[in-house]
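Below you'll find the structure I mean.
Chain lettering (A, B, C and D) follows the sequence in which the chains are written, and residue indices restart at 1 in each chain.
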């Protein structure tokens, strides 16, 4: 087996000019949360699994006691209305562990979507700020200049020199390597503190995807999750400041 | 030479519907101890050696002054009674060092056992608790749901969400990659503190293997080893608490 | 795709006995600064891009919101006068991350320049001193002994046993692997503190390149940059000594 | 180019049943020192260079200002007397950086010596004790049991379970992988503190090589070097104990 193996489940789906949307694990798990929610809401159908030797040598244990080898998974959702388009979705347990593994993962993903007729892609991720934020904005970067205007209309913003370090990981590489193959697309990065999984940021990103796909996505479940996480974050903050006080006291004594 | 090389010793054994049992080094060395004991007790015969470029570049020195290149080794044991089945056993000095090496190691192991006619596998390992334990339970995970009932009858237990991180290493990967090839099987994980080699946990795992294989395995030697280890653990604990006292004293002074 | 991919932009340029000059990121970014300046001043034309799986999986974001996959880039500049020669220039975002990646990067660079007819190369870098320096000298090392005399005439100096550890990275490897293929050349290393990007050291290196190429390079912009960096360095020093004082005070108290 | 490239210098030497002796960098640089001395004393002739992508991407700078790409080098020395045999010697700047690189390096070395007609090999290294030692013994390990008696006669000793961790690196791997190919041989490990290069230990190892090869090796230069190193070691020890005193004083104060 090569570094990456793609296993189709049954027949390959026949899709018409599909959009590709990626959300793998990353900062705040923003992209993964968003795509998982999209899969759930749209009842998208899994059609391929991707395995890589550059994922950890690990299986997860399902609730029924069976194992699941870590992987990435492709789903599709056919257009239901005239103003919608077919969609391919990708999420997964991991990105590649090494630089080389990341390049090979992304090339394999591009192989699958190229064969499926994809010409346009949107990659989703988080933009870690390192501090709390009330209303996360969604930053973007794109493969082609002519897309900038349209994308701004969707509500995404562009801040010059941000992210300063560019985009590291599959979301950036899909655009970078994809562009060399003739794909068009954009990366949407939801602002996030980056400490915990961030459903609020995922929600902000999905609002933009709603406009692109013309799919009415119920975001209430993400809102609930966001409240839970806020609660946990508050508790962690309290614990931390208590620990700090304790430690300060000790310093005064010592 | 490829990353992994398998060298058969003499003719390949002809086996009838053999069970495969794996026990490589890992937490508490539970799997390795169990399979080594099984090899010794059943006088299993070595039939193949597996070398990997992803093992350390190392030879061990035998008691007679000769060197032994680190490897994994396959043994077989033919059924002696009607209610027994042929068995293939695997143990070794190391697992792969890198993620990629682990995947390649496991694919090579699967090649060997597939060719030998194996359809069912049991992988043995430890489940590190990080604290002492009186009576180690044996957790399990399996490739197929229909196996769960049978396995519970053997005395293995299933705790939802444990191990939380799934199974990392060859024991999990054999099930995960094996399942994709059509193998059935289960992983048995003996609870263990995980600090030292743990013959007590290996014994618990072997009790289950006894029921699966219908081989009457004399476990007395493992019990002796368990007592030795308990003795060493006690001494280590005493030394540690003495060191802690010493260090606490110093803190009071400083 | 192999580890390294070279993508030509349009037709390959026809060059006559071109000199190759390399300046990739490194200590003080001396080589990269020098070659980037040279490209700008001589209005050199990009003719090829080099991508490697051993670069980080990263895109940068341009000022217009588009992404740029990290790479290395080849430029050429045709001779304008009788005493000049055609030049190929290489700079880029990264060197290879791993040892193997570095070797493969350099072999690919050598492939490109060999095909372009290059016989002579000059690689540019920094020599980190770890302390401030008034007038950076330019050290050199060469592929062939018969070049030493000429190179000294250009103003580069040779200090026995310096750099003690030899040259690590593309600048050294291009000479080392290039020599095995029959290339001639030298590496010029501008002395630099090594803490910050160092336009002053780049300027010193470019003075030598001026003599080799007979191109009159306007160095005023590098001088301006050097002043800016000196200003930043001074501020950093002040901040550091303030922090040190603060910390010393705390030590007296604690 | 593959991971490892071997470049012959001129015609391959025709050798009669040559012995192979390896001494690459390692603990106390014992093996390297011994083989370099042997090359010098016997005026052995270089016949091949080995380059590996798994060596650091580095060139050294020679005293004349030219660069030298890091490598391993093969030398040969023809028998001068009836009781001598042809010899192939290997030394070099580095061993492989990664596990996989080490395996590939050793396989390539075995290819060269197999083609040269070698059947017997001796690998030289150090055995790190972590403390000073008056008269370093030479430990050994061998590929075949029938060699043990002969080797003991040469003055090498065998301590059961030492080295406990076996032999890590090329010296061990050459025996381990070589044995699988049908080579015979032994590894000689000179006891060494392991802190500094250790000519005294190299001398002890060479005394055994003298007996094997029937070459009268002048060891006086190694003795001189050993004295220099002893002097340096003494100075380092004094500096360390002074630093310790200083630090103890501070602890009393603090």
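Just so it is clear, a contact is a pair of C-beta atoms (placed from the backbone, for glycine too) under 8 Å apart; a residue touches a chain by one contact, two chains touch by 3 or more.
Being a predicted model, the structure only gives us computed values, none of them experimental.
**Student:** What is the shortest path, in steps, from chain A to chain D when you may only step between chains that touch?
**Tutor:** Shortest path length, in steps: 2.
**Student:** Which other chains touch chain A while also touching chain C?
**Tutor:** Chains in contact with chain A as well as chain C: not a single one.
**Student:** Have a look at where chain C meets chain D and say same if over half of the interface residue numbers show up on both copies, different if under half do.
**Tutor:** On the two sides of the chain D and chain C interface, the residue numbers are mostly different, under half being shared.
**Student:** Farthest from chain C by Cα centre, which chain is it? Let me know.
**Tutor:** Between chain C and every other chain, the largest centroid distance is to B.
**Student:** So chain B and chain D are the same sequence; what rotation in degrees superposes their CA atoms, nearest 5?
**Tutor:** 90
**Student:** If you average the Cα atoms of chain A and of chain B to get two centres, how far apart are those centres in Å?
**Tutor:** 37
**Student:** Using mean CA coordinates as chain centres, what's the chain B-chain C distance in Å?
**Tutor:** 52
**Student:** Which residues of chain B are in contact with two or more other chains?
**Tutor:** Not one residue in chain B touches at least two other chains.
**Student:** So which chains end up touching which?
**Tutor:** A-B, A-C, B-D, C-D
**Student:** Which positions of chain B touch chain D when the two form their complex?
**Tutor:** Per the touch definition, chain B meets chain D at residues 1, 3, 7, 51, 53-61, 63-70, 97, 101, 254.
**Student:** Over in the complex, which chain D residues touch chain B? Could you list them?
**Tutor:** 96, 99-100, 102-104, 106-107, 140-145, 148, 158, 160-163, 165-170, 172-173, 175-177, 179-180, 187, 254
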